[in-house]
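These are the structures in question, set out in turn.
Shared chain: subunit A. Partners: subunit B in the first complex, subunit C in the second.
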Partner chain A sequence: MTDEDDFAEDRYGVPPMLQSQARLDRVLVRVQDLTAEKAGQLLWVRARIHTSRAKGKQCFLVLRQQQFNVQALVAVGDRASKQMVKFAANITKESIVDVEGVVRKVEQKIESCTQQDVELHIERIFVVSQAEPRLPLQLEDAVRPEGEGDEEGRATVNQDTRLDNRVIDLRTTTSQAIFRLQSGVCQLFRDTLTSKGFVEIQTPKIISAASEGGANVFTVSYFKTSAYLAQSPQLYKQMCICADFDKVFCVGPVFRAEDSNTHRHLTEFVGLDIEMTFNYHYHEVVESIADTMVQIFKGLRDRYEFQTEIQTVNKQYPSEPFKFLEPTLRLEYWEAVAMLRQAGVEMGDEDDLSTPNEKLLGRLVKEKYDTDFYVLDKYPLAVRPFYTMPDPSNPKYSNSYDMFMRGEEILSGAQRVHDAELLTERALHHNIDLEKIKAYIDSFRFGAPPHAGGGIGLERVTMLYLGLHNVRQTSMFPRDPKRLTP
Partner chain B sequence: MSMYQIRPTSRSDVEFDLPICMYKLANIHSQQSRRADDDEAHQNWQVYPEVKALQNRQDEIMRQLYELEAVVSGLTKMVNTPDVDLDAASMSQASVGSALSNSLDLDQLLRQDCGTPRDIVINANPAQPPLSLLVLHSMLCQRYSVLSGIHMHSSVFAVPPELLSCLGPPIINGCSRQHFQLIFTIIWKDVPRVQLKFNTRRMCTVEGEGNVARFLYRLLLAPAKDPALATVMDSWVDTALFQLAEGCAKEQKAVVQALNFTLTKNLWLAGPELSLADVLCACWLMQTGIAATVPIKVHKWLESCENSGHFCGVYSLLRK
Partner chain C sequence: MALMELASLEKSLGFKKANKYSTQGNNKTPILQSNKGAPLIGLVTIASHLVQEAAQPELLGRTAEQRAVVRQWLEYRVTQLDGCPKEDIRSILKELNQYLEDKVYLAGSDFTLADILLYYGVHHIMADLSVQEKEQHMNLSRWFDHIQHYPGIRQHLPLVVVLRNRLYTGGHH
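This part shows the complex of A and B:
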């Protein structure tokens, strides 16, 4: 058969690049909306070619749109020629196509697709954007559950390959689900705090001095001088408190120049920070922050769309469902030490918790209370920063707390010293150069309400909620000591 | 007709001279003096070196025990001194006799080391709240300084508000958990039966309302010295749980008759005061709704239970 014989030649092809030449009066139906109710309808769909398989006079395609996919069929007949089938079979994977087809119910459910009850019988197919034939990674390989590939001799994709080709890796159903859920965490955080009367603030990220002791800061050139990237919005949150905002929160990037190549450290992450005044006791703040976390967990648990995302992630990375208590369990540091000692750990009353001990404690707490989220209160003063308020009844301890998810710390917070004199004394005790923190101390000279706060990392919360093992999986374009691209 | 026939290996008419005493000992009555006893014993020790070794071993164990006792009492003084006053105060209010008074006793009862948190965690299903445990909680509060907490586990989606306050108003004074002798935590959770967790490393989970109630009740009293009374109490606990709670109407009626019979002669079901037997039976009578139609003696006994002051939480829950 020659080209002249192709009766369907205007039904397929690669049209000129879409440069907004015309605005067609055409409705594009979402793949997720292709259900049995639409059976018999002729409609247009824009999707990626996920897979294609030609067999004789027909070609099966799987069309994917985000996390949804549907089986499509081009078969030689009244509407499709042999050439059209060949054209469809040769479209490279990941290309974007516009197809017109009739929705048909199928007798047997299509297990491999999200739209299991229907398939699309294609009558027209046009390539909108063609993908290069060689993909740096195959999406099927990238969603294969851990360990399954090893057993069956199939390929899996290592993390660096994923991150180097993040655009493709983010197309996988797992990545789609992770970042949709992360968006949910952020949205629930905002909604909950707003309903509690908090005000969202924006704080500068280029600062003149290190805002917090301990973590290293990135230096950037700033015209004729140097500046730093903010390692915490704490100072600005506290200044807002001193400016009578009462309850503030901010969502923004936080930079830490720590050369930590671990599963949970990033040099840039999204900080969700809270600061609020209290009336009489900093536990008012602890309860408020913990309740915010519980509302996030409940939102993820109760909303159908998030449950779907969680199930999608669990297919590739199985994990126990996240458990929590309402109100949140609050243990004190001495209890944690006693529990660890009972489990055979040798540590002093004022020793800080090492990462393995934190994990062990998480397991012990889970065994007894069956919760993956808890607050550990009353840390030893010696292991906390200088601005932490000492405990009024025991000078060894402090009014500070950490929050843990699945045995890993997600939030560190405290009642802040709001008295300039005591702050100076504490800074001197820590051998901190007063000149460097003068601006911080001065903030409290004109009357400051008692307040407390803390900050969490969005990526870490998402990782731990989903039971993932690396924070890079929940950072869209992760930054760590060894990665600055893409 | 037997399947196998075997010839006897011994004759059945043989007479054996069996000993009637397994170990022969010298008759102590026939001995003349204590001195003689000592001498003989002394000689025996000389004769049997293993006896001497045993005695040495026992002496060593006793010495170690004395040392341990000294260490523990030293630690008690150091750790529990502030608690002694609290206990003394609660002792004066106590209605249950032969009570133990301080944290050391509590540690001994709970079989744990001094200084470790005494946090009793109870998982219960909100669909069937264990009312008896609320009564026992009230009794514990009278005996010890108790920090009570209620949580809702993520496995349940909603809990009636009265169940979230069934242990009384929360303590919000910001006091450290260390200042309480006992921490009592209820977690409303999707569990088939009540569970109690204490030291998850050393003891397994206690399951079932009866067993949990027994565990808690033992924190109120010294180990029962009267096994007969303990048996009666245990029997009533089982009756409450198997016949009142789970039994048919006929069984429940039989229990009411038995209660009436016992309460005609006694004020309480087991012993001279309110006990675990009364707590379980009264709670399940109320929970099953039989309490409204009981004979006069049982009714009076229920009133006595109410007047004890420990059933307030139960009544307020049942009224809602």
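This part shows the complex of A and C:
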């Protein structure tokens, strides 16, 4: 097909599929390590073709590896032939390539790449894994901020398309940053609690009775009978406390069959749950949980790797940095009701907070105290689950609390009833079938310590910390009433 | 509705004795029987008459230009505001908000009947706005809060809370 001989024909191409034919002792340098310090070095890089643009005797490529990208160049010369440049220009986007090249410093910073001071002059290029030519979505479109899309008439990608083609969408710099940050939240949660003397436990997810009430539970067939998917590890956390584990936490899936199609509900999410005994007052637990959250916020704020991730996310989704107070702000329910009434909201003393009111309260608290994180204590007993300990001095209220980030609830918790008799009474009051929770009540019959705890949603915490607006952005493969795949 | 308004207006103008009104038509247009001949029909007509009777003609405007502006807003109240469809509420709020950006009162720097009747007319809309919406229409809220605190104007209507501090700054969340 060529007029002239191709002198470079062994320096490019599509090798046979990599089936571990030979174990090459070759060092592949990470794109993020391509800096001016390496100028003049000949090295190998494996990355994806992010973009390619041919111009006469040259082909400019942008090679991408997770959040990092670098400009690369194949130019006709003594190392590359015309055919090689043409080959490079025709490699489909997203294909994985092995390139050998020389790192060269550039005079003008390359603003569009993360590696701004260098470019790679390619001497060899091979396609390790080819991508089909028609991508379901374009990655540049997927990282474009909404406003920019509208203003300049360029495409952005809507959420459903992203979720339908999640594998491609997760390759974007923003998605990479979000989920690395989420991993950080989980890691900080574990590290903080472990250093406070907590033990990590795993609880069963196939259970015989609905823990939070029968309405929102998934039923599964279990041999000749039925079972349920756990709505929370509540019952088992407490049983561990009665089994003398003192302070426990667990990280695991939570299943809620709630037909809510909102920005913050998923049918399956990751619960980060805490339960601990206390000496004399449940506020010991509230302070411990709040401090754990603060340690997470500080870790995300102060550790270098997370700062970069946060900046990356903010490029596409700008938001105000997350603010919190030390010690954590704690308001009581009646105070919150008073603040809302002052702002013109009409509500009863024992009414639950609607979502709009929670958000308005968040705004009022932010304006008054300058914090995005606070604890709301002493909820009315009527709106809490049956195992919540009533307030000792006022039967209308309870020793229960919620925690909020940017005006949205992230944790619900309480001092639990640790007395079998009172528990039975409260269960009957809530019309719960005692037969179904017999094992639970029994665990409190043989000396149960006073204890309290709470559970947070991992996806919600990440979403709210970053100031994002939809929990599906922080769930890798989200599940909601309308989505079961991928 | 209009009858309650007129009753409130009478009280704020200092009338000791309330007039008797009747209504006509589906819109319940108010009618005031006059001793001096033809009955007065319509909210604006009657209100203007009451103002004259109360010897407070300045409430209709002090200069010819001001009088024209007052009449324009009274007409706006009855033709654009009353009975406006839900879709139009947004644009009415925007229009009023924009207009009030550089004025203390509708007629400029003087309190007039236009302020009173617009206040009554827009009250039910303002009462239903969220804190954020009121903040988005900052000038309108400022004017509304001013008028509702004016001595004698609010009468039977509940106070609409207008917060002094901004909760929703420029940023995202």
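We adopt the following convention: the second predicted complex is superposed on the first by the 481 of 486 C-alpha atoms of A that agree within 3 Å, B and C clash if a C-alpha of one lies under 4 Å from a C-alpha of the other, contacts with A are read in each partner's own complex, and residues count from 1 in each chain.
The working rule: contacts are C-beta pairs under 8 Å (C-beta built on N, C-alpha and C of every residue); 3 or more make two chains touch, one makes a residue touch a chain.
Given the structure is predicted, the values throughout are model-derived calculations rather than measurements.
By the touch criterion stated above, A:360 is placed in contact with subunit C alone, subunit B being left untouched. Shared-chain residue A:97: touches no atom of subunit B or subunit C. In the superposition on chain A, no contact is made by A:241 with either subunit B or subunit C. By the document's definition of touching, neither partner reaches A:59: not subunit B, not subunit C.
Once the two complexes are overlaid on the shared chain, A:342 sits against subunit B and subunit C alike.
Legend: residue contacts after superposition of the two complexes on their common chain; A:417 is shown touching neither subunit B nor subunit C. In the superposed model, A:320 makes contact with subunit C only, not with subunit B. Touch criterion not met for A:125: it reaches neither subunit B nor subunit C. Ranking subunit B and subunit C by residues of subunit A touched puts B first. The contact surfaces that subunit B and subunit C form on subunit A in the two complexes overlap at residues 342-343, 364, 367. Looking at the complex, you find that subunit C touches subunit A at residues 130-131, 160-161, 163, 165-168, 171-173.
Of all residues in subunit B, those touching subunit A in their complex are 113, 115-117, 119, 121, 123, 151-155, 157, 172, 174, 176-178, 185, 187, 189, 197, 199-202.
Remark: subunit A residues 280-281, 283, 297-298, 301-302, 322-327, 329, 331-332, 334-335, 338-339, 341-343, 364, 367-371, 378, 393-394 touch subunit B in the complex.
For subunit A in complex with subunit C, the residues that touch the partner chain are 317-320, 342-344, 356, 360, 363-364, 366-367, 372, 406-407, 467.
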